[in-house]
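Multiple structures follow.
In the two complexes that follow, chain A is the common piece, with chain B as its partner first and chain C second.
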Partner chain A sequence: MAVHLSWDLGWDVRQLLAFPFMVNALRAGTIVAVVAGAIGYFMVLRRESFAGHTLALIGFPGAAGATWLGINESAGFFGFCVAGALVIAALPAQGRANPLGGYGERSAVIGTVQAFALACGLLFVTLYHGLLSGLNDLLFGTIIGITSRQVVTLLVAGVAALAVLAVIARPLLFATVDADVARARGVRVRLVGAAFLVLLGVAAAGTSQVTGTLLVFALLVAPAATAVRITARPVAGVVLSVVIAVVVTWLGEGVAYFSPYPIGFWVTTFAFGFFLLAGGYRALADRRG
Partner chain B sequence: MPVRLTTAVLSLAVVVLAGCTLGPSTSVVAGGRIDVVATISVWGNILAQLGGAHVHATSIISNPDVDPHDYEPTPADARTIATARLLVRNGIGYDAWAGRAAAANPDSRRTDIDVGKLVGVPVGGNPHRWYAPADVTKVADAITAGLKRIDPGDAAYFDAQRTAFETSRLAPYHRLVEEIRSAYGGTPIGASESVVTPLAEALGLKVLTPQRFLDAISEGAEPSAADKSAIDRQIARGEIEVYVFNRQNSTPDVAAQVAAARARGIPVVSITEVLSPPTASFQDWQVAQLQALRAALADASGR
Partner chain C sequence: MSRADVVTARGAAVRRGGRTVWSGVDVTVHAGEFVAVLGPNGVGKSTFLQVVLGLVAPADGEVRVLGGAPGSANRRIGYLPQRHAFDAGTRVRGVDVVRLGWDGDRWGVPLPFGGARAKAARERVDEVVELVGAGDYAHRPIGRLSGGEQQRLLIAQALVRRPDLLLLDEPLDSLDVTNQASVSALIQHVCRSQGVAVLLVAHDVNPILPYLDQVLYLAPTGAIMGPPADVITADTLTMLYGTPIDVLHDRTGRLVVVGQPDTHEHH
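Coming up: the complex of A and B.
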């Protein structure tokens, strides 16, 4: 039953696809990579990485709560992350009469929400006496337990999220680049921002189920951060971000299959490698002028 | 940009649909033996004994230093489960990853034995069913029934293995359980965690340690101060006659109780959660522990 890498790539791929669990893992990984790559790009442009990080962590109490209540884990992830996005969207955008002002105030409030969410997760783990084996999987991801039903759920959520993103992409970009001008031109900045946070919640919830809640950023931030170092053009940036996310997911899952080390480590390491390469490319390009 | 994103959505759908055409392909029998797998070595050992020469048995967790609660399965484990004809998993939240791995590799030819479901203990109940002799019997019966269904041609062989297992190999184990039960039933004991509970129930011993403390230590949670002081009082007053602890999960609280019991002259017995030594058979391991427990009970009661 041992598998091994060979120089014959075709044989390697056939081994990789020999079992349903691995086919499901690749399908699920591809879906979340496309969604995270596209939505993560806008998140990085909008400097909402901290909100994305918080939404990813909110997936943990979501899944732990779902396990405790005996309901579907995917439902817990999506339910909590979307609810968390709505809470963050409802928070005041500008802190009035506050020395910290907008961004500082907002991140402090998001951080408070994050701490409370993690505390809830701890409570659910304690309430669930069934030992919650799989806490590691929840935090750091697994590729061995993804069912076909979960793939369908991820696909439906992913297609819906990308469809909404396609509709709001133009005003969202406008509001991101210059909120005041966008508002003057009739863009409902607050509404577009809130809709985007919900999409971010969906992306974080989906990605959590593959990379684990702690390593969501491997797909949500790293590919986008790499893309913005290579190109400043939004369309090229989104496409590049998606391509990098998909490639690191395939590489990570493929290597995890043949190695004894967990998927979260591999996907994140490949994403980090791409980021370093892009950093080197940027430095070279800047030096040349 | 909307055009590009729509393209992305479509290409995503194409990739996923393309993946759908790849069917599973699994090999089943290795060298004429049936591939069977258990999540933990306790069940794996019983599975191997019952299957004998007609099975190739694998235990996913065989390292005694690995805590099954925290185990993170590898793709190799998933392959083992995917190709096995018979899977024995503990259930009761003890090895939930195995259930997920089985669900991700649907195979109508695989017999899936969930010990918790088999013996009627729901998630949240005491998962250490291999410490309950009646449950061990039920699991052995289910394994033999499963093997006979998979390989009807060798049904007589599997029946013979089952009989030999019960009447000769497990005989000393069942005898000891009966002896302790009739000689020391009702004796109050202290325990470090819920691993001890099913055995104490089978032996008729009364565990005085608060249930919440037993669960907390077993689940790796923080025990409450009230429970700890109640246990200290039981030991100081000599309310318990023997203290039984899991030496594979000796937290500072448990170590302190062991020291206090020894200082008070209360006999202390250590047991393990999994096979010890790892190469021991289920019956040798259990018999050695039961003999130590009987000696401690005899020591405490002066009988």
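Coming up: the complex of A and C.
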């Protein structure tokens, strides 16, 4: 390895951008961080983290199956995640909705689907007789191997998801905070919730391609959970969540490039660090009243 | 039916899951009146509010709300459903919750620095927050506030669009006695000062009794409406439910209704 970290930041950045694979990794990472930061904020407010986790895991058999069949891996991720989102959205809401209009009572069904998805992914990887590292990369992410075509796919999906989010953001927030009043005011709570799950599927599928299936939450939950601990303003919360997601991605990818340890570890570690700091800040601020 | 009537029902009936919840209900709520909706558990008081909102269609009879069919004028109705409180993890400010009552049902996001329209919205939100006396805590996360403080902000949310009718479903239920008294007084103040008619579902009529213009007592086979002193009597309620009912007065003027049958819903 010719690359090594120096005290000259300019030189470090030039080293970082010397290889096309790294440029692609940074581009892809930035795109998915922005999308995951914004959509993750609403996911945390809606308390749909479990659905988000499941959607990420559903992407795994999608990608593994696509690899096995020789199809584009991105298509597998997006196809399975969006289909999974539609299935979760179609599940009947049982009993009384929780006060935040989430999907708490569906968790048993979602959990069962999640286990099955993971099992299918394992089967597809076995059928592929593939390289063992393939499994590792799918689950925990890799810094190499993101193609320019994949970056374009991520960009298109990300821009589309953010555009839809911008259109539904206000009624979505209303339905999240106060579903009953929103419904009485004519908000189509069910439709808005289903649309959001699809966006969540897109975000999970995109993020999976950078962090791996199991570490999606490093970008989808941790920045948003950090942001809501710092501010209770919705607009500031979204912006802060996006900024944190982008920063931890750049830090994680940068450090991973110079270190022998994997990208998933670094991105997650930085996200966890921010979360701890924000949690400490919150505890102190609440004690002061 | 005069033009000033806010809600009218003639022979209205509601069926749910093949079961008649109530039938033969006649109601007239005039503009600016403070009306309590009373009755035993499970008699369908909340359902009545849902009929007014057009969320549940009456199986029989005619219901008119603000001069049109139920649901046609929901922009002019403020609604506060029966609820569990926001828990401590709800990290959205009180003013944000109030603001959702203003334009939360519209697509898109408000532009930052959105000019006159955004300014009008902000001013109106501040105005109702002051009206309900929540100025001191409206900028804190709503999950960190007490039940009484949350209820005041939710009343502000229901009021923010200057409605002609306010529907409040058990707004006093989760409050302690002191807050019940102060929130009741607030609702009365809002009703009189803003000229908004209030339909309030209550489990216990006592906190609001001095303020009421009319009560609507619901029973499975009909309803009686009139001034509280005429309706909440042993004779009237015994006739309405067809079973002996006593109305006791304690020395502070509190009413206790004894013997009313709880109608349990079967799911």
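Convention: the second predicted complex is superposed on the first by the 274 of 289 C-alpha atoms of A that agree within 3 Å, B and C clash if a C-alpha of one lies under 4 Å from a C-alpha of the other, contacts with A are read in each partner's own complex, and residues count from 1 in each chain.
Everything below uses one rule, namely that a contact is a pair of C-beta atoms (placed from the backbone, for glycine too) under 8 Å apart; a residue touches a chain by one contact, two chains touch by 3 or more.
Here the structure is a predicted model, which means the values were calculated and not measured.
Student: Which partner does A:Leu17 reach: the first (chain B), the second (chain C), both, or neither?
Tutor: first
Student: State whether A:Pro234 touches chain B only (first), chain C only (second), both chains, or neither.
Tutor: both
Student: Name the contact category of A:Ile144: first (chain B only), second (chain C only), both, or neither.
Tutor: In the superposed model, A:Ile144 contacts chain B only, not chain C.
Student: In the three-chain superposition, say which chain, chain B or chain C, touches more residues of chain A.
Tutor: The partner with more contacted residues on chain A is B.
Student: Touch check for A:Ala182: first (chain B), second (chain C), both, or neither?
Tutor: Touch partner of A:Ala182: chain C, not chain B.
Student: Check the residue A:Gly273 against both partner chains and state whether it touches chain B (first), chain C (second), both, or neither.
Tutor: Neither: A:Gly273 stays clear of chain B and chain C.
Student: Given the touch rule stated above, what does A:Pro171 touch, chain B (first), chain C (second), both, or neither?
Tutor: A:Pro171 contacts chain C only, not chain B.
Student: Please work out whether A:Val159 is in contact with chain B alone, chain C alone, both, or neither, and reply first, second, both or neither.
Tutor: The first partner, chain B, only.
Student: Please write out, lowest number first, the residues of chain A touched by both chain B and chain C across the two complexes.
Tutor: 166-167, 169-170, 173, 234-235
Student: Quick one: which bits of chain A touch chain C in the complex? Just the residue numbers, please.
Tutor: Residue positions touching the partner: 45, 99-100, 166-171, 173-174, 177-178, 180-187, 228-229, 232-235, 237, 286.
Student: Under the touch definition given earlier, write down the residues of chain B that touch chain A in their complex.
Tutor: Where chain B meets chain A, its residues are 1-2, 4-6, 8-9, 12-13, 15-16, 19, 22, 24-26, 30, 68-80, 82-83, 92-97, 100-101, 103-106, 123-124, 127, 215, 218-219, 221.
Student: Show which residues of chain C lie in contact with chain A when the two form their complex.
Tutor: 53, 55, 74-75, 77, 79-81, 83-87, 90-93, 96-97, 100-101, 103-110, 112, 140-141, 144, 157-158
Student: Please name which positions on chain A make contact with chain B in the complex.
Tutor: Checking each residue of chain A against chain B gives 1-3, 17-24, 26-27, 30-31, 34, 38, 70, 126, 128-137, 140, 142-148, 151, 155, 158-159, 162-163, 165-167, 169-170, 173, 234-235, 238-239, 242, 256-258, 260, 262.
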